[in-house]
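The data blocks that follow each hold one structure.
You will see subunit A twice below: alongside subunit B first, and alongside subunit C after that.
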Partner chain A sequence: MNSTLAILAVLDGISYAALVFLVSVGLSLIFGVLRVVNVAHGSLYAFGAYLAATLSLRVAPVSPWLTYPALLLASIVIGAVCGGVIERFLLRPLYGRDDVLQLLITFAAFMIMDNLQRMIWGVQPIFAADPLKLLPNVTVFGVTYTSYQVILLPAVALATLFGLRYFLRRTLSGAVILAVTEDREAATAIGIDARRVYFVTFIIGASLAALGGALASPTTSLVPGMGADMIVLSFAVAATAGLGQIEGTALTALLIGLTRAFVIYLHPEFEVLVPYLLMVLVLLVRPLGLFGAVQVRKI
Partner chain B sequence: MAGRIKPITAAAAIFFLVSAVAPLFVSSWATLFALILAKGVVVLGIVLLLQAGQVSFGHAMFFAVGAYTAAFWGRYVGGGDIVLFLVLGAISSTVSGLIVGLFVVRYRDIFFGMLNLAFSMVLWSLLEKMYPYTNGADGIRVARPSLLGFSFTPETFQYLILYISLLTAIAAFYGVQRYLESPLGHMLRAIKSNETRLEYLGTSARRVLLVGYVISAFLGGIGGTLVAMIQQIATPEFGYWTKSGEFVFIAILGGGAHAFGAFAGAAMFECVRFYAAAHLADSWQLILGVVLIVIILYAPNGLIGLRQRYRQSGLGGS
Partner chain C sequence: MHFLRTARAAATVVAIFTSTAFAQNKPPEIKIGIATFLSGPASVFGVPAKAAAEMIADDLNKKGGIGGVPVKLSFIDEGAGGEALVSNYRRMVQDEKVDATFAAISSGSCNQLVPVAEDLKVMNFMWDCGAASILETRKYRYNFRTQANGTPEMLAVLIYLLKTKPDFKTIAVVNQDYAWGRESWEIFSTALKAMKPDVQVVAELFPKFGAPDYSTEISRLLALRPDVVLTTAWGGDLDTLVRQAGQRGLLQQSTFVLGIGESSIQRLGKDLPEGLIVGARGDHWFLHPEKRNDAAFKAFNEEFKAKTGAWPIYPVYHMAQAFKALQTTYDKAIKANGGNWPTREQVVDAAVGTQFATGFGRPVTLRSEDNQGLEAQLVGVTKSFPGYEFKLLDNMMIFDPKVITNPAGIRSVEWLKTLKPEFAKMDVPTFKQQ
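Moving on to the complex of A and B:
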């Protein structure tokens, strides 16, 4: 492996990690607050991608620059509408019930959304690369790459990371969310509406998944099954980091992104294996994940 | 307890009788019922783990192990016999269940589910990417096996495999019921209700769960071998996480409190899929999703409606 390939692998890894981070951190946030593993998360990612592609193909003839607001709009719409419906009508009746049922009802949402996606957008690959082509290419150590992938995506990911940190640690709404996570009953007793907190958190998490999809849509062709692949991948990242860990998710996404990129150049057949093998190894040694806080477990 | 189980045993007997007789009149039902019975065997394994309060979101790995055992034998050794396939599938899934089980029984709840998922995804990516050995996503064709040296025409074979599945299902159903009524089965249930107390009794909860886990892997493998013979193919899809989700779905659909729930759920699932796929083309998944939501929200005890709620105490509803 020469140095050009190595740089290429690093750039691949970073842009991939940025996308995976956006999706995984949404999943992790939802689990951290609601204690629900959202199996429909990958479908939100796919819906975000498809809607973004549809909107940008629509607005691109008017002005290609309009595709950027289209991406953002798509992720907010999907996050608020689909995420809102899932939380309000599927999860809310089940709080306090068996964990299995909560997990399985999001699995039902996944099945429905997967089917709807096929009905709405069909099975032919969709490609909408306008946002990618608009920005110029950059050259890093002699390797030319699109600045959309090596500058914009990581910038959005970093902004999300620091934005979430700031939101949760420095604002009143963030403090309210943390209070409900810490002790729901005590928070309710001092007048916090826990249901509202769950609703808002779920929508934020869902929007992050949809944003990941929307930003991924210019870089890849959209095919059925992309949601199912993404949910396990983002779950692997979130679980390896430790569910509920925001900064940890960022580091793990980077770790998995870079490892995967190098594996693609060295042994392409092991590409899909990397995140899951890493997940098995980490969970066997540290079931709470790399960055999981040590809690007293019952068993 | 006894009063409640009796009608359900009767229902099970009627179900097995119907699946033996009905396909004689409608030949397209032979494969349908064979699939129902084979999947029911796999879901029995999920129901078993549900007794311990554990959900494996990776059980499709044993299903895939069973299916690929038959496929690899056909590909690398050649020929094949139903009995041989079932024995080999049973051995390979039991061994892999023991290996994976040794790791996963140390964990509970979400950690248990996560680790199972991780193991199954490792297997799936190997099956998908080891193209020279597994044909990748295309899977491996499983040639129609013989039975004790006799070979059969496709028409006879679909009935033959139906009755083999039926016998396996009845044996598995009976075996699981006996197991759950045995002291070991009661200890398995105790993991859900109060694991600490189980430990105080001087038993190892891990060992109890390991036995349950290996049995459930064995059932998954047998079911996988059967499905591979019924559909005459084994693909990586057999071990993908959506397959695992499907099995848990069927278990909840039927009801996790009794072994018969596995077959009731499988019957409903496969029938919806069979008829929705025939009449509503591309929306069977949507329909099943809606069915699942309705069941979870309005009948969380599943079709057989007997799911006991051990964990009700201590969980505040909202």
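Moving on to the complex of A and C:
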């Protein structure tokens, strides 16, 4: 592989990693705070994508530039409505009970949303590419890229990463979330409403999943089953990073994205295996993930 | 006189007995059990096919049904997969007591259900699945395929490519990573190697089924610059690949061959450029050059468009073929039974070697040696025409099924290896889109 192809592979890897990070970070955040593996995360991704496409197709005839706010609006609406409903009515009654129940209830939510998706949007692929087409293409060593994929998506992923870091470490609301994550009982004792923290965190995580779907919608066909594929990949990324590790999720997404790109150039037959092979290798050596840390058990 | 009176009386009794027996044996309905995808990515085929089945059954019943008996449909979801699919199929046959089944879309489903149908002794029409191997490895009594299989489908596309772009030197493939993606490439590449051995395969890419992004594959192909890119992807995967490739100029750089792309043409709209070679997975296209002025054909297409909002795609026609085959088989069995209602076994006997008119292409024959349907293949190239928001097929070739289907008893890949470069020089009629 010459240096030109290596640079192309790096560009492809970064573009893929950006999207994978945007979807995975919500899953990781929710687990980090609520200790819930949200199987419905993939459905939130799919709903975000479908609603974004629906809104984009509506506003594009007025002005194609309105499709960008439509993507953002779709993420917020899905995060607040679907995320809010799942946390308030499905998860809240189960806090403190067996973890398996949380897995089962979010799996049920996933199945219900999968069917709802089919009822609302049908089974034919939907495509709304206006946001992608608005931005110019860029050429690198004679190979054309869309700037939406190699510039905008990585920029949004970086903004999300640093935005989350700032929110959690530099704001009062973030400090409250971290306090509940560290020690729920102590946080409650000093007057923090842990239920509200869970609710808000779940909505943020759900919105991030929906944002991933919304940003993916201009580049891909929306089809039944797209949520199921994404939850598997997101879980692989989050588990490899160490559940709850936001910066770790970013680095792992980058690692998976770059490895996958180089594998496609060198040995494409292994493409499908890459995220899962990395996950297995990492978990064999570090069972808590690349960036996971052993927690001291409180007595 | 006494003898004549006795004979007349005996004849009357026989006639009364026969007509009574006929009336008693004629069932109140013919139950058809259909396996199709109602969930998952392949529901892009399964749901339109279900709509077609319901429309065809309604129309059939309005005309008196088959042999005067109305048909009644029940459906099972192939998306359930695995044991659940087999259980549902058994329940449909044993509890609902269907008279015939149409199963299925996926070759994986067909591989599972064909032995079950044989075991349960129920006539099954494989109405859409394409794996040639199913009928090559064993002779079945109760299973028939009412359309072609992957071998003639891929061979027709390849010969079209060799006839229209004879000088290409390099090729790459981007197929979905599952049975059809792998098998269709094996068929295509085996025949290509036999007929044009100097062509170099520069990339074999098999991205994950349902992949949302092909950016890296596209970058690699843009760097490799192959003369031809083949894909037999379908549904959302094909739409995504074509749109991403178009956005980045790959469709303009290489000649794209969409092996079974007919079903995506309407959805892709203006994003599909001119000059792509597209296979129809059979002898059907809503503007079929030999049938486009046929009143019944036009009525079928327009009724389906009114019902679903889209022109029929190949799974719709495949479903219609299964109904036509069933109707022809029953008519043949009734005739062979002297006008009386046939037993199930007599119906199965009648299906062997049946030839039926599809109404939207050339007739299909269920080859008696292996129950494989011999169906012509239509291949064309995309082109813009006024009045349509999507590309149509132009320069269509219709391939004779007897020439491009492997002979019974010889496995597809073995037969393909025996082809010579001269094979691609066969005479094939070409039709312009009007």
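Here, the second predicted complex is superposed on the first by the 285 of 299 C-alpha atoms of A that agree within 3 Å, B and C clash if a C-alpha of one lies under 4 Å from a C-alpha of the other, contacts with A are read in each partner's own complex, and residues count from 1 in each chain.
In the analysis below, a contact is a pair of C-beta atoms (placed from the backbone, for glycine too) under 8 Å apart; a residue touches a chain by one contact, two chains touch by 3 or more.
Please read these numbers as outputs of a predicted model, since none were measured by experiment.
For the composite obtained by overlaying on subunit A, subunit B and subunit C cannot both be accommodated without a clash. Once the two complexes are overlaid on the shared chain, A:100 sits against subunit B while remaining clear of subunit C. In the superposition on chain A, A:200 makes contact with neither subunit B nor subunit C. Looking at the shared chain after the overlay, A:118 reaches both subunit B and subunit C.
In the superposition on chain A, contact of A:269 is made with both subunit B and subunit C. In the superposition on chain A, A:23 contacts neither subunit B nor subunit C.
Legend: residue contacts after superposition of the two complexes on their common chain; A:226 is shown touching subunit C, with no touch to subunit B. After overlaying the two complexes on the shared chain, residue contacts for A:260 are found with subunit C alone; subunit B is out of touch.
Residue contacts after overlaying the shared chain place A:128 against neither subunit B nor subunit C. Of the two partner chains placed by the overlay, only subunit B lies in contact with A:284; subunit C stays clear of it. With the shared chain A as the reference for superposition, subunit C clashes with subunit B in the stretch 225-233, and the other listed options (207-215, 225-233 or 279-287) are free of clashes. 114, 118, 269, 271-272 are the residues of subunit A that lie in the contact sets of both subunit B and subunit C, per the superposition on chain A. Residue ranges of subunit A in contact with subunit C, taken from their complex: 4-5, 8-9, 11-13, 15-16, 19, 114, 118, 122-125, 127, 129, 132-133, 137, 141-146, 149, 216, 219-226, 229-230, 260-261, 264-265, 268-269, 271-272. Interface residues of subunit A, counted against subunit B in their complex, comprise 37, 39, 90, 93-101, 103-105, 107-112, 114-116, 118-119, 185, 195, 228, 231-232, 235-236, 239, 243, 269-273, 276-277, 279-280, 283-284, 287, 298-299. Of all residues in subunit C, only 39-41, 43-44, 46-47, 177, 203-208, 210, 212-213, 215-217, 219-220, 222-223, 235-237, 239-240, 243-244, 247-249, 267, 271, 310 touch subunit A in the complex they form. Subunit B meets subunit A in the complex at residues 50, 55, 57, 103, 107-111, 113-115, 117-119, 121-122, 125-126, 128-131, 195-196, 205, 240-242, 245, 248-249, 252, 282-286, 288-290, 292-293, 296-297, 300, 311, 315-318.
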